[in-house]
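Labels A, B, C and D are assigned to the chains in the order they are written; within every chain, residues are numbered from 1.
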């Protein structure tokens, strides 16, 4: 057991080290900019994974919390003289309060009904972004959102934004990994496996689900706020149903319940348009196909696939070594 | 224009949209009741119906009714392929995987349609002319009569099929208890496949009869599918009168909401109703007895 | 200890339980028997808060626990096992038992995420405690196995270990011997007695008459939703109505 | 075991595909002058991005066939923004830092344009947006130009006509997306100066399939004309619904539907509808004295020859952007700052969208003369004189 925990800490430190060193090698490359978006998407995917991978509760309305974070932050800093950091905190707070309130009735629903209810919630929020033109700027968007700053240090270029976003992302990843191996994480996974048995063991399933839904909204809203302050322009189109599905795809492709899987999924989906430049227009077909095939044949996602391949290769090597000896 | 005829117009508009929602809702209910799956790709059948008809018409020089029959056949084929390739091989039948697979299928079908037919919107000629009919100072298109007529026909056919035919009864048996059904010799797999066939056929039919009014393109399926789902939830997951009432109610609320409150929030009304019903009365407004499931 | 007062349960016109009352003495082992469809599992589901009864009351000690949610009942010391073994399949055996210790720990989402010192200490305590319970049921060797890979018999034991981890006053077991071979069943009888020695009251629904007659001090017989008899194993064995119900005579 | 094997196989297949695609994307070598293009080729604004991309690619092909610019070939790097600001910013960064383009044309939508402006301004690369939003070039930004006509110009055309017809009370029905909301803003903002009162202000959703409810409300308001602002297919449904409801007052559309597609979709219901449009759809009807006629005819014929469909004025925005760039590069070389300075000196460039004259104070470059009013007659566009 101790070995397993040590290994996990080692993997995380290695991952964090790579993340921190990457900008040195990518100086001046546009790829750094892509990595900023990968960071934001990883945050979002981890947030959804907490809900979907751990607790087994689907949400097709994640983009709404992302959007709430972005819009609350954007409106507070453009229409009022609010400091961006304060706006970020307020945005995350508001989104979590909303999630907490709607969490009780929504998470009473299961399976398909939960999927549809969260979808409905997402669309309602999207319509509000679109129609409250006086606040959000409506479909034409909200521009001129200020960058975050720490004293004289302004987060207005790729390198600075990279560190800003990835510090947050690494933090959330670490906390999520911690969470998964704690009492709360076990309770959530127990709900995922058998809600009835979990309740009989004294797990307050409803409260637990609402809690993790709230946390998920909180993280998504932070991602939204970071997004708004890095890109400085937001419009409702980024927070629609399609993006919720994209997030779902990230989590499924990467691997349900795996935090690094969420990173992998976010990376692939953020980079896919790059990969597919030769075959443009094919991306939506490929998303669909990936969702189907991975759910059917690789329930553990690509991370599961990688782990399995490593195992098989390791066995092969071991086997051939024994043969040679 | 005086107020009463304005109201009549809202009601007519609402009812005709509602009939469409009901028809799409049927497709959901049939698959859900036979398999427990909520097919998120249902809206794509609606899209396929319209698109196939338009492209058959433009490639083959055949009369409209022939094209419609062919289009329904092709859409049904897609439904069969979907069931055989993505639903039946699935071993791990958790609702979550089914949600994801049907979402995946919906994206895939939509994407394929875009690649094959392009992104343009297309119009189908109306079945019987474009001259509006007047009803108490309000108007309605002849195509609306087709929609009402076909909806009624499909309700009746459904009722007859599920109440009197052996196949329909077998499908209902599966819906109650698949295991027990298999014990009395019903091939459950065939019944599941059949539910996809029927539902794809009805979905594409809906897509065809609305195409002359609303036009069609590769991405019409999402919103129509979701509205159909709202109808079926309001009606309580039946493929009978409940869903029809659910659809009509939804259509009416939308049209009256757009007319008297705000058109901008028209869709929001639909979803607020959906959420309220899911929260307060998840079994639907018109659900009668447990025995009326199929 | 546990008192059930005129429970009636009607499912859409079908009466599953009708006016059933009984009480269970502290530290006793009580068996609930009856032919299929007698309403045994329904009774368990009502007592453990999974079903809402149409009428009637349930008391735990002096406390009226009718309509309590299962998670509240667990905190009050009432747990159960399931007929079809409801394990947390994707988790390890040890983790399954650690979920059983949920009510015995307090760390919130915040201290768990940040691994505050209190949480680390608590986690260590829970883990040790969970090992103890695995040793109690003899599963300690399988601690790291993923639960869904356990053989059926061990799954039963795991479910019992998990329930015991809640440190219940009373444990309800739904057909604990179903699917076990005779050696495993004998082991189970021993385990049930061991649990009783810890001062836990036990109620079990069981079809294995040998086991029931062997371990139970008192037996309740249900038939077609009604209580038919309540007495010692000997009294039950001699009860005419019970014999008739089992043999299908009128 | 078999399943495990299959899963492993699947994993390798996916991994290989991704690898091949990356490798493939890297394999293109870098030829002479690189021009970046950000178009929303897919997504909800594909109706803009697709013709724009087609036009830009067509022009690059033609220019290169004619020997390029001063002997140097052009290379167009197109990035699909999918109408998503984040992808637009990502794309702009790639074009600037990876492809090191000399200039950028696009994005197609106002949203995407607003999102990439900070990036492009910082990098100091000239960008010619193909979106219409007034805020793109107002206030003027050093490196940002645009070719699409401001919506205000289209509004002015309609309002002038209404003044001539002595129509004072109008109803507006706009789509709730970027295009519609910008139109709505301008319609409301300029009504007063033309003495027009908007007595009914309705919207519809981009995916709506029936607008009779809104139109019934409009009919009851007593408006003397309806102005509908949207892009296909919504306005076609509006046209049909107007006909269905028997509404007899004049119906105006926006330049958002100035393509044959609209007439095809609306069918009979399109008859008599008027709209402000770029000259491209009535190119052959323009008098020979029109400065733009030559450009218009050349664009219309070559687009039709290459793509077998009619070119529209959205593609025209890309045509203008590309030709403006070509002109600037011919005169000033391929240094971004030189291109920018040269662009700002553009005077009386007769393009598809109008006659452009950029100055240090005006990076939009058009007057309301860029729009003409057209009417649908016998299933065809007819210039209203």
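Methods note: contacts are C-beta pairs under 8 Å (C-beta built on N, C-alpha and C of every residue); 3 or more make two chains touch, one makes a residue touch a chain.
For clarity, every value in this text was computed on a predicted model and none was experimentally measured.
Engineer: Can you list every chain in contact with both chain C and chain D?
Structural biologist: Touching chain C as well as chain D, we find A.
Engineer: Can you check which chain pair, A-D or A-C, has more C-beta pairs in contact?
Structural biologist: A-D
Engineer: Based on the averaged CA atom positions, which chain is farthest from chain D?
Structural biologist: That would be chain C.
Engineer: Between chain A and chain B, what distance separates the C-alpha centroids? Give it in angstrom.
Structural biologist: Distance between chain centres: 33 Å.
Engineer: Between chain B and chain C, what is the separation of their C-alpha centroids in Å?
Structural biologist: Chain centroid spacing, chain B to chain C, equals 47 Å.
Engineer: Cα centroid separation between chain A and chain C, in whole Å?
Structural biologist: One centre to the other, that is 40 Å.
Engineer: Can you pull out the residues of chain A that are in contact with at least two other chains?
Structural biologist: 130-131, 281, 284, 290
Engineer: Residues of chain B that contact two or more other chains, please.
Structural biologist: 114, 222, 264, 267
Engineer: According to the definition of touch, which chains form touching pairs?
Structural biologist: Here the touching pairs of chains are A-B, A-C, A-D, B-D.
Engineer: Under the definition above, what is the set of chain A residues touching chain C in their complex?
Structural biologist: Touch residues, chain A against chain C: 1, 175-176, 178-179, 182-187, 189-190, 192-194, 196-205, 211-212, 215.
Engineer: Where on chain B does chain D make contact in their complex?
Structural biologist: Its residues touching chain D are 1, 3, 6, 9-10, 13-14, 16-17, 114, 119-123, 130, 132, 134, 138-141, 210, 213-215, 217, 219-220, 222-224, 254-256, 258-259, 263-264, 266-267.
Engineer: Which residues of chain C touch chain A once you look at their complex with the stated criterion?
Structural biologist: Counting only chain C, the residues touching chain A are 48, 50, 69-71, 73-75, 79-80, 82, 86-91, 95, 98-100, 102-103, 105, 107-109, 112-115, 119, 122-123, 126-127, 144, 162-163, 165-166.
Engineer: Can you tell me which positions in chain A touch chain D when the two form their complex?
Structural biologist: 28-31, 33-34, 37, 130-131, 133, 138-141, 143, 157-158, 227, 231-235, 237-238, 268, 270, 273-281, 283-284, 290, 293, 297-298, 302, 305-306, 308-309, 312
Engineer: In their shared complex, at which residues does chain D touch chain B?
Structural biologist: Result: residues 42, 46-47, 50, 176, 202-205, 207-210, 212-214, 216-217, 219-220, 232-233, 236-237, 240, 243-246, 261, 264-265, 267-269 of chain D touch chain B.
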